[in-house]
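Across the two complexes that follow, chain A remains constant while its partner is chain B and subsequently chain C.
For the complex of A and B:
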């Protein structure tokens, strides 16, 4: 079943945004995690994490920051 | 699967680390204290002494590297539109952690940058510090995983962010005018200084590069432990290799445990001092260098941490907590252990609700 989850990491200091997003991605078997971010550094760190976790990502500017959409493919290769 | 080497080892981080290593060695060769071409903690401590806020006569000088680094970072952040006002979510905790981190560095005798430069100069006594730094960071990552957070900052006006760069410029003005109320060491490390313009130039460049690369010595080990990412650790490695090679070329590489400059052989206290630095830095969100850069680009929490570091330096020297090549005073040992307990208590109890 495809899941969708939103994680708001605005205002959190490094590296807490990455930890929250990693936890969310680990909790979703297959689906989408939407992340609300307000700092460029956090965007860089989260998209880097997405690369490590083999998730596709799309980032767009929105009011007050950025909205990153991470797509987690179905199980098969991704460890816990 | 393809490995994205550029993400794992960003060239800008490697360049920033390498430039830091080279400049660290060159500034020591040009007159700064040995294996102390750049030290964020020692140099802040020297400034505190220069302003007369501590009485250790051997470590008083308005080190221009620190204000120049602040100005370089502010400038780089402004050019990248990252110079923004952000509130401090937990100012008192940031101040306290900054003070404890500073005391930890002064028990070890160096911040993570100088620890790396000491290793790059062949000083193997710094290995105990590196081990402690890693242990402190590891403990910090456990607390982060458990949910530690200082809270959320909010965007704010840019006006308050002018305070730090203006103060930095003021320090440089005082250094050039040398008024009678500023203290300059006549002997000891505080009397050893590279030419002012070389220090200013190096500080500006390092500030800009550190801002651009997000270089963080605590973040390097932390991110490796947390997300298996070496992208910041390569900066520390580059600084170490570049410093070693430059020191070898300049004939100031001295490998060994004994006779190392401005260092002691109380390995347990080197370990525990840097464990305090590692743990405090993870809770703050970055090492002293990163705190300075974040404060320069408008982060209120880092601003509080910087003032905590200044206060910590004054306390460390006025209350005889700081180490010397002779060893670590009992007071310093007590405060390091107490500091570790306080950091663990803060990390355990402060969580975002």
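For the complex of A and C:
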């Protein structure tokens, strides 16, 4: 089974968003972490972290900021 | 050395009279500078002084001003202050002092006197910490042979500390930003990556030995580097601080009307700086530095993103970047030999070309 969790780091300055997302990724065996961000620096840093942790990532603008979807490797994408 | 620091932990506020100064600020050390692009914009409106006694002023983005009192007596003046860049008060004080003194050294001068500036949130930061900051600063001023002659304090929501330093420079020995000549070699005297390491420390992700190593470099005086530069007939020098290696290189290239070719693969780096950049522990100032140099620097695609981040990383109390003739590099190396705080890495060279992009970064 894949897991999905959401991490809201809006209003937080780096490096706190990176710490929170790193913890979330480490806590998920396989699956998806959705991150809500409102700052370009955090987007850039979380994108770098995704590469470092070998996660695929997709970032899209949404109301009030950005939504980054990180897929942890081994994930089968959407669960059954 | 990976993993020696143990597991990652959330930042914490220490209690009962002690506090981790790094957790009191968003932007650390020289990373708190206003973006270079904003600075250029608001300085551009100021009328330039035409006083013939002002030998070096704001026009050349220099590290310090030089004012002629008499033909044989040139005054160097500078000020620098910033929020904490280390957890412990003494270390913060030492780094702030080394950083402020560095502006005098970067002009080829020697410091004489200093005035301390302390902005203190007194409800958050105990007096013992304020005393510790001053004690650390005093230690470095004494090492530099400079006197603390006064200062000013403010109640302020954000802790900041720094110094205004006054010194002298010998006529004919001014190392301005505007002296670089085509054919000069570029020598860097300290490793890069202090902004990344401090950010990792703030995140609880930097092993203690790496933080100590960064603190040791940031606390080191640039005196040996300046003396060796003067002895080896350097043409120009600047210290690498908040605008990062590329930001300060650009300022020197612009002031000198030249182009610089830098070798990213040759840069001296703090241990794990690349890894911290890859992990996304890049300070906001590094992104601001990159934006400020848009169109002014051309980076070869072979330079990995994490290494580019290090080149834009805001340094606190970084080394000197010195322009000197190729035949003087060995003389510089010998003058600095045996002094750990003054490395001698050739990181690029100066070329003809008074147009953008002034900086060419190759692997």
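Throughout what follows, the second predicted complex is superposed on the first by the 74 of 80 C-alpha atoms of A that agree within 3 Å, B and C clash if a C-alpha of one lies under 4 Å from a C-alpha of the other, contacts with A are read in each partner's own complex, and residues count from 1 in each chain.
Heads up, the rule we're going with is that a residue touches a chain if its C-beta (ideal position, glycine included) is under 8 Å from a C-beta of that chain, and two chains touch if they have at least 3 such contacts.
Please read all numbers here as calculations on a predicted model, not as lab measurements.
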Chain B versus chain C as contact partner of A:19, first or second or both or neither: both
Partner chain in contact with A:48 - chain B first, chain C second, else both or neither: both
Partner chain in contact with A:10 - chain B first, chain C second, else both or neither: first
First, second, both or neither for A:38, with chain B first and chain C second: first
Common interface residues of chain A - those touching chain B in one complex and chain C in the other: 13-16, 18-19, 22, 40-41, 44, 48-49, 51-52
Chain A residues within the chain B interface of the complex: 10-16, 18-19, 22, 38, 40-41, 44, 48-49, 51-52, 54, 64
Contact set on chain B toward chain A in their complex: 1, 4, 7, 80, 82, 86, 89, 144-145, 149-155, 214, 219, 222-223, 226-229, 231, 285-286, 301, 352
List of chain A residues in touch with chain C within their complex: 13-16, 18-19, 22-23, 40-41, 44-49, 51-52
Chain A partner contacts - residues on chain C that touch it in the complex: 8, 10-11, 26, 199-200, 202-205, 277-284, 287, 305-306
